[in-house]
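You will see chain A twice below: alongside chain B first, and alongside chain C after that.
Now for the complex of A and B:
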């Protein structure tokens, strides 16, 4: 009875919803955050926010309901729940006694600043430092970012050439992606395997969220870090920014970002930094697809790549056949897929990885292959086990029904057969049901 | 008096259930492990044989499969 851990990739909104209201309110104090949150809202919600941005009084709920047609009521309700969950607005009673909605004043002011200008400059442009003698162009920034990120992934796969700092290794262990026995090097877990097969944007998000969770335990200011992260996502690629005015914890955060490949700094003490493409796509959530895999109906995979990491990832679920300087030929077999599943990867993840990385002129995976991979996964699930306690040989139908209803009320009834008066209760509920039964017997 | 047994509830399709009944009858696991036959798709078995049962089912699936492709 194995527990399969499913990797949950939360997005920005889900993460923000989990934060406490005080932290959220402090977060909205920065225009960059408000703009980033606004950008991710569904379009109907964006419309609502825009309409209410310049209102100083609450708007009656009835008026709000008039904005949508009757058949779009579901979208309207969804919008209302999204906006309430993020604390972008709250209901307030109007003078006439009706209920109305008003935008969160902090959010309102800062969004206005973000859209119309004014307020403090978000990031200090490097103009005070003069032109950079060692300027980096966009291409080299991209290369740097990908190289750094791949070092982390290589370290997870266990390539001997990859070495990361102690801090980063610990973060990976805390995130549940790797496990470390006492004194030995960490090795990858099944959640780690699933993480490897995600696309880069989801990987970045998952990683950043894990980092933010541990940030408080390191003594770093969550609000400061988050605001800085959003600021970064609005910066221009290829432009350098100065580290003037950044606090201690922000500087430490910058060093960590440098290790992940989100910013580039020539030296640790450099006073300027360049955001890379990874940082900018982090909050924007847009991904570019440079595919390299072709999946054929004879179960062969051709991967047009020479990157060690990509080859290692394809080898996770297929058998390598031939290797050329620019192509790798692999075959998807029952053994290789079941080996991947034994490692904790689901068939859906393998298929997502292939679909995401497919070469553009064959945009669809052959249905035979997708079905077969799923069937190979289901083969292992032919038996479903659940622990339980069997009750049978009841003296009367009434006894059976009383006990059955009690178990159902407790939520621990696993299976029942009324015709034969047999039922199965989960082990957790068993003691409670047994006590109930004894009370019943003694009272009758 | 109500009878109480501790064990594991198994849910499967009817074909797999017949296979489990066969294993039980032939004492393939060294002992009888089915405590109660509940209905077409459910059985109640001993808790300790779960691992070996998974292995046996795996072996059965291996016997019935063949390599689809040629290398």
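Now for the complex of A and C:
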């Protein structure tokens, strides 16, 4: 029996909360990071931060509590916990002995710089290089980004035409998305299947997080590359930036980003780079999706696409029927859905994928289809396994009942059959029940 | 990951009447026009930083007309316009730097080019408010109300109310009945700032929040609104007057014909006693 691995997609705040305080403080030393973290806060928390941005003294907690109306107290508490968890503010004692909150000074200074100016420039604007003779416009950048990203996904699906660098293949294996036996080419895991069905923003973010985890083992500075990532996400699309002043590890990181499709560089040694739309949507997590799937109540799926990758993804959970130059017709059957589930994909992920990519004028999936897919998933889930210890071959009914009541009293009885004098006890309770039984036997 | 697809637009209308600002500069040097614009830019920057889908527009309201300070009229939607406006070369977020530079440049153009006629301290508020009618509007007003604009102003306010646009007002000097009515009708906030030098602080604390957060935060209570109407003949604010039964226009003095809809009113004249014709008896 295989336990299903569920793909955990953390968002920015969860990731930051896991970092150690020293790293967080160093991270907040860059205006771009502060701005990115600020944007992801709940809106009430944003107001709080703005209000305290220009205060130099701590604010009493009681005064803070007066900022909200009485019925919004819950939101207030939530904001307080979010801001504390991210170390954006901390408690400080005021002169009168009261507890107060003050913004993290590093965060405060850098957010002020991001809003009002001053401080160091984020990156060289490339004005020293002059205009680019081989300038790229936005459409070609988009095409480049999507092409590079799809190569990675193709590689995961196992298309023979896709080839990625050794580094990238290793990263995929380390992320748990692919597995490789010794000497053989890597093949996709169940987590990898789930990854394929996510939307692009979540995919990017998951991938980046995995990359960051392995960053330290490659000898890269986590703070440096994270700050650079945020800086990228605030750049303007279509504008080129210079690599002036970037350290060695940052340049290596830039090459990796080039392979993922997050930046475009004409040559490896180019002095300028263009961020692509993928980089800009990375921290924002907003994707504009042009849907292409129509799901009908007769279990048919029409996918208006000619992209090999999207067709392969639809084929993961449905049977292909016909293929035309611009449409692919597939049918969702019990076998195809159960095969997808055997591969490790959950019904929810299939449904999310369909909902996410549905053509805009049919925004809702038919409830018959969603229910049926879930039912097919449940069909495989009829059995639930739990470990236990079997007690049988009792000599008398009385013995059985005494022991059973004792086990029930301890709360570790999992199952019993009085007619056959058989019972199952959980492993945790087993030792206690055994001791009781031995005492019982020796006393009678 | 949140995906708010709605664009939240904040339009700031600043009263740049040069006469009032000139008088202000002579009275006290704490708050000058440039400092006021700095505060406005802080508010604008804060608004843009809050979310990726937030947009900003700034309009300057002059004596006889109004100008867009940001964005430039020649821009297409989505155009970054990064060719001529370079960033500030420091740690400011690029988008904000471009916006701030543009605002500074435009206000210089406006102030140097616009003509100043006469000595009045009125501003062309109704026209400025009409421009951003499909946006959220916020008004920073310095000079006094002008009764001449009453009609246009009220029309603008009702149109805003119909389209669910909030109008907030931040008043620096004299109370404005018109703006109080505007804020009350559309559901915005009206605040007369007690300390002008703290303008930026007030803007950030009170006016930055959007409608969702306003229901959660404790904000200054609404002021008592002066709902007196202005008569259509002299533009004076009156409490008791005559109302045309057809078009509902208000007059302070009686007139037999309504000037707006030209209805003639039937007037009750004193009864004329008809002399009774006595039949002359024929002499027999």
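Heads up, the rule we're going with is that the second predicted complex is superposed on the first by the 388 of 444 C-alpha atoms of A that agree within 3 Å, B and C clash if a C-alpha of one lies under 4 Å from a C-alpha of the other, contacts with A are read in each partner's own complex, and residues count from 1 in each chain.
The rule is short, and it goes like this: a residue touches a chain if its C-beta (ideal position, glycine included) is under 8 Å from a C-beta of that chain, and two chains touch if they have at least 3 such contacts.
From a predicted model like this one, the values you see are computed outputs, not experimental measurements.
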Partner chain in contact with A:46 - chain B first, chain C second, else both or neither: second
Which superposed partner A:69 touches (first chain B, second chain C, both, neither): second
Contacts of A:348 with chain B and chain C, given as first, second, both or neither: neither
First, second, both or neither for A:331, with chain B first and chain C second: first
First (chain B), second (chain C), both or neither touched by A:414: first
Touched partner set for A:31, first chain B, second chain C, both or neither: second
Partner chain(s) touched by A:236 [first = chain B, second = chain C, both, neither]: second
Contact breadth on chain A, by residue count: chain C or chain B: C
Chain C to chain A touching residues, read off their complex: 1-3, 5, 42, 45-46, 49-52, 80, 82, 86-97, 100, 200-201, 204-205, 208-210, 212-213, 215-218
Chain A - residues contacting chain B, complex: 1, 298-300, 321, 331, 333-334, 372, 379-380, 382-395, 399, 403, 414-415, 417, 422, 424, 427, 434, 437
Chain B residues within the chain A interface of the complex: 1-13, 16, 35-36, 38-39, 42, 44, 47, 50, 53-54, 57-58, 61, 65, 67-69, 71
Chain A residues within the chain C interface of the complex: 11, 31-32, 35, 38-40, 43-44, 46-47, 50-51, 53-54, 66-69, 72, 75-76, 110, 113-122, 125, 127, 201-202, 205, 234-239, 284-287
